[in-house]
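The chains carry the letters A, B, C and D, assigned in the order they are written, with residues numbered from 1 in each.
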Amino acid sequence: MLNFASDYVEGAHPEILRRLCETNMEKLTGYGSDPYSASAREKIKAACQCEDADVHFLVGGTQTNQIVIASMMGASEGVISAETGHVNVHEAGAIEYTGHKVFSLPQKEGKLSASDVRAFLEAFWNDENHDHMVFPGMVYISHPTEYGTLYTKAELAALSEVCREFEIPLFLDGARLGYGLMSLHTDLMLPDIASLCDVFYIGGTKVGALCGEAVVFTKNNTPKHFITVIKRHGALLAKGRLLGIQFDTLFTDDLYMKISRHAIQLAEELIALLREKGYLFYLNSPTNQQFVILTAEQYERLKEEVVFSIWEKLPDGGAVVRFATSWATQKEDIAALAALL
Amino acid sequence: MLNFASDYVEGAHPEILRRLCETNMEKLTGYGSDPYSASAREKIKAACQCEDADVHFLVGGTQTNQIVIASMMGASEGVISAETGHVNVHEAGAIEYTGHKVFSLPQKEGKLSASDVRAFLEAFWNDENHDHMVFPGMVYISHPTEYGTLYTKAELAALSEVCREFEIPLFLDGARLGYGLMSLHTDLMLPDIASLCDVFYIGGTKVGALCGEAVVFTKNNTPKHFITVIKRHGALLAKGRLLGIQFDTLFTDDLYMKISRHAIQLAEELIALLREKGYLFYLNSPTNQQFVILTAEQYERLKEEVVFSIWEKLPDGGAVVRFATSWATQKEDIAALAALL
Amino acid sequence: MLNFASDYVEGAHPEILRRLCETNMEKLTGYGSDPYSASAREKIKAACQCEDADVHFLVGGTQTNQIVIASMMGASEGVISAETGHVNVHEAGAIEYTGHKVFSLPQKEGKLSASDVRAFLEAFWNDENHDHMVFPGMVYISHPTEYGTLYTKAELAALSEVCREFEIPLFLDGARLGYGLMSLHTDLMLPDIASLCDVFYIGGTKVGALCGEAVVFTKNNTPKHFITVIKRHGALLAKGRLLGIQFDTLFTDDLYMKISRHAIQLAEELIALLREKGYLFYLNSPTNQQFVILTAEQYERLKEEVVFSIWEKLPDGGAVVRFATSWATQKEDIAALAALL
Amino acid sequence: MLNFASDYVEGAHPEILRRLCETNMEKLTGYGSDPYSASAREKIKAACQCEDADVHFLVGGTQTNQIVIASMMGASEGVISAETGHVNVHEAGAIEYTGHKVFSLPQKEGKLSASDVRAFLEAFWNDENHDHMVFPGMVYISHPTEYGTLYTKAELAALSEVCREFEIPLFLDGARLGYGLMSLHTDLMLPDIASLCDVFYIGGTKVGALCGEAVVFTKNNTPKHFITVIKRHGALLAKGRLLGIQFDTLFTDDLYMKISRHAIQLAEELIALLREKGYLFYLNSPTNQQFVILTAEQYERLKEEVVFSIWEKLPDGGAVVRFATSWATQKEDIAALAALL
């Protein structure tokens, strides 16, 4: 059956498997101290044009959000997120588990606005009782967002400026960063992100890796004893090579960008196809996730022949569903879908 | 200067001080095992008409909310609160500090509605991804609310029914419970609360005590090793007599109710006075806290002669302010205010 | 019945009650912002001869240990304690509840030695795997210790020097500090403690107060947003006057020292009496707690006529028990005990 | 250079890589719901002869210990471990980070004895103040231990009996379980472990996998909402296939046991070689880790030609070092070492 359910239904990009096999019997030191991890770190710093960045590899997205947020905030602080932010909704309380509040602010197409963040911060500091409240200690955004949308360079710069002014870090969750960078409708490049954010991560799991996310601290601001922090969270991989080799491969010969571009090209074909067939979009997403409103009739028919993700069931029997392309999607998949529709 | 800032600007009701002095040199065992604490527990159970209730004394309100919520919920659970709920806004993240999320739902005059709670719970259980989300594990309400408003018996019964249906406890924060019970506009009595809630507390700090809140578990549902839980939170008072004697005094000869009624009578006089003078109320509160919208001119003039609490400054220079009466307010205070206005 | 069970079996020193009654109807601001708290802070700073100290009042000892330790340590750090330290044994895991390990080191008569602490710290820093271990982040001692013993000035200076060298704070738990300062066998004065420790607390609960401990940060090292930290722990007393007035009274006309000296004088009489009657001491304590080894016969007889604390039951039917004097013990109590023995 | 540093210096057993490549482009559901994970679970249950076991896959050992311990204990409880236990020393406080104390008991060759555990539990329950203490809530052992030693079936049965009697679970950390099961000097089989323990894990990382540990709950005692618990810890792998395929491969055709036996055979050769050459053993280990005491001269010479792990540097310039064999060690490696020595 055709499957557009998500961008993590396959294993890894074949080049990654090839490198894992090739290096398999080399005897390497553990916990990220191996030469492949070192090489991957250098390549990522180069791609970010940020030579004094500090790069660490973690296994998954929720883990990364939890560790970054808990270790960069003070004990009295909470993190600001869009109400639709992954940390606010779909991480089973991983942030609160570390003792920190998630402040949820209104979103527009999954995005936080600098003006809403500023208003929130000003209200906090103007409140005479703020000593009895959680201090806002970080801004969290995802790019692409949970709805596949993107911040413009101007929007990210505005958020960055608010954060600088109020002296709190800006953290960008890039679980699907490649698909954002390769969008046809973006002016935000990797070096911009490295320059405007205090910390961000480059997602591997959803962009061709078996697992793995690369956290980048951009302002000499790595939390103290960070290896120990990772260990205490149960997140320090013994065979760190597994992450190092994957990211080294992804950042060799631009592979990360190439496979992301491929997914974007097929997403554009998908959009064109769905538009042509008269499907209604929930919003305009310029990346690999497409949210479509199906009528009851469309929903019942399609679900027999295509796998997609159900975002929200509608009272009339229809549904908001997600179609995702990825590095692994084939031109033939789009053609088959066209035949179906 | 006249002072209506809050209901905790004085010390304790004189009868409490008298009893503390009288019993001072008695040699008593610690940690709540003294006979005054035992007597207070019995009197509270009688007042609640709930003979199998279990009563514990704690020092303050945030401490009580933190301990009750953290110890009654499972590790994967969060607590539902009105967005204006004390636990959501003014406890510096005390709930999140214990690892639990606060779900903030819309409020009306500070109150949660059973239908909103039901809709939230249904949406959670209908969500196919709810294993990746925080489980709703308790409903928290305050009575009177942070805005001085009250649930009717029917409203509380409706909330209680939703909680029973979804098998989560209903917790009522009664920091100002006396003022609610003695309101002229309530049909909700202490035994109703004991019957409809799974746990609640009877506030002492704001109703005549130096400090202290009495937690009542009503359904044989005291958390396991609760003394140890209190100790681990740093909340077990060595000289438990301080709490026991205070509550024993408050629940002797109906003192708690009498002093609450006094505050309510003066609040009614205050309302009449402010209405007569043409002041605008932010909302109608039937208890001891009155929220008034002052114009810029009124605000500037009054603040020179009366102490009140500022709730919110308005863009035009005016303000929403709170006047509170208490067990300690005198008829003369109202008269003096009348003269002023 | 005669009662030497502990130093917290009575209420408060009568002068404290007198002041509470006297000031009861004054309308004061909350949360420690009242003038009595301010005055108490100044008097404590003067007594410490430490003008830039920062003083905060908390309710109880476990609460104080929890808040000080959790807020002064980094996230990856643990606290070093004697294995008999209160934080290691009798606080129901209050420290671990905040996420921090307690390292328990061997003790001698309840005391930690500087050389043991140094050896532990050196071993940690020499361990090649210390990134996988908890970092030692503080040294905790109690003075008097849980066994009533005292550090000499030289011993405290040595501990202080080790802490400076390894750049970790030294925290002194002074739950019974008055009885230590007024011992006939000490060379350690309050200003010495303020100078050698980074933070310590002056116990009120066991030295004449209803409740309350005064935390003193001595090196401009109060944790950031400390009021918020206290609030988040559920430990911020609304009627802060209760603590302020008590400590203001205790530090007026040297009351704290006078009542401590009284307890010490009676402890010396108690020691002389027990020695004279041939009782065996578990160790030599120069303060108000005396640990005595009772034979089975002594134990069975005495427990019918005197209340004491049982420290440890011995296999032969005897027991190690504690007799404590306090500010409230009367000369007549010692005489009555003499008659009994 | 010859390398006996640890059992995780290589990648994965080739058969695992082969299966990962073979299945790579299959479109599978995430989070452990794929058919390979299901198949692996069935094979593990069969190997344990425990049909009602519940099996979950996690990424690493510290993560597994943290999640199992935090989710199986009550809030007031701590875990008993040998002082040398991994959770007590080398997990950077991962257990305390979840709010729980680790009780460290004396060890003998890395093992806890049932009699020491019983004495500790009896002392706790006999202590009149135990409400002020952490409740012992679990026993943690590792098998093989951190020193490569093994519990006999009788020893494990005795520990199990104490745990049953005191109604606390027994948890066995099997990071290197294969090497224990295949030891020439053990009478403890996998079904025995499943029968005697309440929960244990079968280590993958150190026994041929890239990463992964299989947790087995044996008594219908999986913690409530366990998927959510894993998610909240940041430990739920999106591409759960990575773990499922690895364990499915390891438990097909007895691969896990075969490769463990291989490591044991070479460990026996290593022991014979070292004995023959007159090396001194720190203790007798019947598994793949061998601890040897090197003189200063041996240490300086060997470290130039062989990689090993340094356990402890000795004052005389010598060292306790570890040689480990694994599934990947070759007969040629032993021969080369023989040539060297």
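Going forward, a contact is a pair of C-beta atoms (placed from the backbone, for glycine too) under 8 Å apart; a residue touches a chain by one contact, two chains touch by 3 or more.
For clarity, every value in this text was computed on a predicted model and none was experimentally measured.
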Practice problem: Please give the intersection of the contact partners of subunit C with those of subunit D. | Solution: A, B
Quiz item: Comparing A-D against B-D, which pair counts more contacting C-beta pairs?
Solution: A-D
Quiz item: When the centre of a chain is set as the mean of its C-alpha atoms, what distance in Å lies between subunit A and subunit B?
Solution: 42
Quiz item: So, what's the distance in Å between the C-alpha centres of subunit D and subunit A?
Solution: 34
Quiz prompt | subunit B-subunit D separation of Cα centroids, rounded to whole Å | solution = 50
Self-check item: Sites on subunit A at which at least two other chains make contact
Solution: 76, 91-93, 97, 99, 131-133, 228-229, 231-232, 236
Exercise. In the complex, go through subunit A and note every residue touching subunit D.
Key: 3, 5-6, 8-12, 14, 17, 20-21, 23-30, 59-67, 91-94, 97, 205-206, 210-211, 228-229, 231-239, 241-242, 307, 328
Quiz item: Taking the complex as given, what residues does subunit C use to touch subunit D?
Solution: 76, 78, 89-93, 96-102, 104, 126, 128-129, 131-134, 310, 313
Quiz item: For subunit B, which residues are in contact with subunit D within the complex?
Solution: 70-71, 74-76, 99, 131-133, 135, 223-225, 227-229, 231-232, 236
